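First chain written, first letter: the chains are A, B, C and D, and each begins at residue 1.
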Amino acid sequence: MQNEWLYIGLFLVVGIIVPVVPLAFAALISPKKPNPIKQATYECGIETVGDSWVQFKAQYYVFALVFLVFDVETVFLFPWALSLKQLPLFVVLEGILFIGILVAGLVYTWRKGMLEWV
Amino acid sequence: MTLAGFLNDPINFVAQWLTGLLTGWGFSNGLITVILYFIGILVLVVFAMLLDIGLVWVERKVVARFQDRLGPNRIGPFGLIQPIADIIKLVIKEDITPAGADKVVFNIAPVLAAMSVISLWAILPLSSKIFGVDLNVAVLYLVAAGALGTLSIIMGGWASNNKYALLGAFRMVANMVSYEIPMVVTLLIPVILADTMSVQGITQAQSGMWFAILSPLAFVIFFISAIAELGRSPFDLVEAESELTAGFNVEYSGMKFGWFYASELLHAFTFGGFMAVLFFGGYGGFFGLEKLSAFHWLTNPFIQAAVFIAKAMFGYWAIMWVKYSMPRIRIDHMLAFNWKFLVPLSLVVLVNTAILNKLLAGLPAWGYTLGMFLSNVIIGVVTIEILRAYGRKQRKSEQTLAQAMRN
Amino acid sequence: MTADKIIFLLIGVLILVSALMVVTTRKLIHAALWLVAALFGVAVLYAILQAGFLAVVQVVVYIGAIAILFIFAVMLTRRDMRDQGPQTRSNWWIAALLGLLILAGLVFLIINQPDVERTAAVIPAGVDTLRNLGTALVSPDAYVLPFEVASVLLLAALVGAVYIAGFGKKS
Amino acid sequence: MSIPLSWYLILAAALFCIGLYGVLSRKNAIAILLGVELMLNAVNVNLVAFWRYLDPAQMAGQVFAVIVFAVAAAEVAVGLALVISVYRRRKTVVADEVDLMKW
């Protein structure tokens, strides 16, 4: 168990080193001649209007919200799925009740019209 | 003797040889473990990177054939050296960082994108003997690596100081997180069927019957949501050229752009591999054929690895097939399709699998398979009927509306 | 000093430095990204503690969902402030003092507990903690009630948040 | 596993206090919620450490850690929805300026 995670940790370290090496190499040998026009924000040649960090549709937040709730649901469902084989049938029903309660939330969001992109 | 040992269990063979060598040099046990792991990882990652270079060629050649072109054919035979030339070009290109960009975050994003894909190879079971690590939470690890990829996109989009980049990142993240739900729910189905989360266990559970046959709907949902997770067409809103120029990586140039591109390709291939593992028996899944003495060679790790790569390539090709034949979907349609169709359907399939897996457990293998398959067919037919009835209702109401307007 | 102690100290420093950056950095988006670093460090701690499931879930839920939600919220509430000017209250030093006092108190309590220097026993080979967790969550004589209540809590959170964030859209 | 239990407890305590400082000192409501996340994580570290060091066969620590995940998610969902809602009505995310209920 311990060694598995040591392996994963080393893998992540190698996973960082491997992309960094060509980047560092490129930074060493590539030409560097910056000028203001080159560094301007690219908008297909048209002059930039206004600030880039503009505010966004609140709709994005609603989808992230529904996602968050269902994401946490899956955290409970994975242990449930692993216990199915040894435990009797009503355990399956517990899981279905769990899913059903959350589907009620999805139905509510749907009926409120929050899943429409306006 | 030694050659047979190597062919039957290459990693253990090399590891034992190296352990003997290093012990002879007087290293401690812990250090030897770390060195062995490090060498193994380096070999695996270098293999993945070489494959990635090959994938650039495959992708360009296949898209050319889909679009009735020849594709790269100048450098080397069949243009095989083309990706190498591309890499050299990317490395020696000037790397432009836009003024006003958030430099640190801007530089971290491509590294994180590459890391999130490379880290998937830690659990990819190339064969029963050649694999990184057999994690007991491997299925969730797959989702976790995807989470890091999502983060890299939002970092890149935000740090670029560009409206298009930020908008592309937002769309991409909304897309990825939405489709993560049906993907995770369908990931639960192999877990229920195999009663384990380890990819080796899931592969071995399919030696008799592929999960794609036990639950074809789950595979279809997983396939669709995997394409969306990858941000490939028809879900490629992130790089909707006509609206966003290039999406979240519009300000990236040189090797940083190269990493985004390379990790997208490798990601697609890796997902082809996981499709093979989760639904098509991975390196095995010969329906019991390998138990016959005439086909015993199928259990050789190198043959298994070849089978796995072939299956993964096929999955990758299927993803490309969809990519180059479908037009882009509008974002409202895409999100509605996910939340109003895929998520409910995937939950129904999950509940169905959980109940039937329990009820049919006593049946013989053919009865179990037939019951599982038929239940999926029934769900599919009912879904299509509901959609048709809904479509008919919609058409009727539109017709009456048009009628009323005309009067 | 053994290897796992060194790894623990490195990760501990990473967590604490990231946490300090979360509460002190001026740009909110950087604070959210530092939070990701701190949460990742905590995931590594879970892995060291042999709670692999929690380590992965920490990444999936916290980095994949909660951090994304924070970043979305930061982007949605930008136009004013621009993250300029002081981001802390004028009486931040009281908060710092309070934090240090509580920390001192907690550390005093911890090191005076009996048996607090104990080390972990090796988990026996036959114990599958992951499967045990699943069984514990759903068996009626264990934690099935919290399991179901959690789904009700999530339902309430979803309905409440969607209602609050209703943004005036009526269907 | 030669790390003493006290190391985990002290780390968690420090994390908790940093989070507390963030909650008390930050002006921006979102930053306050970031501090709350740190505090919840400190609690989780404690729960998992006790699970590992006392009796790994008893799953109470891990179960509660999972429940804390759900609580944290619920807290973030509602908290950020409140912040965004307030921002849309009053154009501010400074917690002190949201004071209609004071009188």
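Here, a contact is a pair of C-beta atoms (placed from the backbone, for glycine too) under 8 Å apart; a residue touches a chain by one contact, two chains touch by 3 or more.
Since we're looking at a predicted model, the values are computed, not measured.
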{"item": "Of A-C and A-D, whichever chain pair has more C-beta contact pairs", "value": "A-C"}
{"item": "Chain centroid nearest the full-protein CA centroid", "value": "A"}
{"item": "Inter-centroid spacing, chain B versus chain A (mean Cα positions, whole Å)", "value": "15"}
{"item": "Chain B-chain D separation of Cα centroids, rounded to whole Å", "value": "33"}
{"item": "Distance from the mean Cα position of chain D to that of chain A, given in whole angstrom", "value": "20"}
{"item": "Two or more partner chains touched - positions in chain D", "value": "1, 66, 69-70, 73, 76-77, 80-81, 84, 88"}
{"item": "Of all residues in chain C, the ones touching two or more other chains", "value": "4, 48, 50, 52-53, 57, 60-61, 64-66, 68-69, 72-73, 75-76, 79, 123, 130, 133, 135, 137, 150, 154, 157-158, 161-162, 165, 167"}
{"item": "Two or more partner chains touched - positions in chain A", "value": "2, 4, 8, 53, 56, 58, 60-61, 64-69, 71-72, 74-76, 78-79, 81-82, 95, 116"}
{"item": "Pairs of chains satisfying the touch condition", "value": "A-B, A-C, A-D, B-C, C-D"}
{"item": "Touching residues on chain C, where the partner in the complex is chain D", "value": "2, 4-5, 8, 12, 15-16, 19-20, 22-23, 28, 31-32, 35, 38-39, 42, 45-46, 48-51, 53-54, 57, 61-62, 65-66, 69-70, 73-74, 76-77, 79-81, 86-89, 92, 94-96, 98-100, 102-103, 106-107, 110-111, 113, 116-123, 127, 129, 132-133, 135-137, 142-143, 146, 150, 153-154, 156-158, 160-162, 164-165, 167"}
{"item": "Complex contacts: residues of chain C adjacent to chain A", "value": "4, 44, 47-48, 50, 52-53, 55, 57, 60-61, 64-66, 68-69, 72-73, 75-76, 78-79, 123, 130-131, 133-135, 137-139, 144, 147-148, 150-152, 154-155, 157-159, 161-163, 165-167, 169-171"}
{"item": "Residues of chain B touching chain A in the complex", "value": "33-34, 37-38, 41-42, 45, 49, 87, 90-100, 107, 110-111, 114-115, 118-119, 121-122, 132-135, 139-141, 158, 161-164, 166-167, 170, 173-174, 177-178, 180-181, 184-185, 188, 191-192, 195-197, 245, 250-251, 254-256, 258-259, 331-332, 335-336, 339-340, 343-344, 347, 350-351, 354-355, 357-359"}
{"item": "Contacting residues of chain A [partner chain B, same complex]", "value": "3-4, 6-8, 10-12, 14-16, 18-20, 22-23, 25-27, 29-34, 36, 38-44, 52-54, 56, 60, 63-64, 66-67, 70-71, 74, 77-78, 81-82, 84-85, 89, 92, 95-96, 99, 103, 106, 110, 115-117"}
{"item": "Complex contacts: residues of chain A adjacent to chain C", "value": "1-2, 4-5, 8-9, 53, 55-56, 58, 60-62, 64-69, 71-76, 78-83, 86-87, 91, 94-95, 97-98, 101-102, 104-105, 108-109, 111-114, 116, 118"}
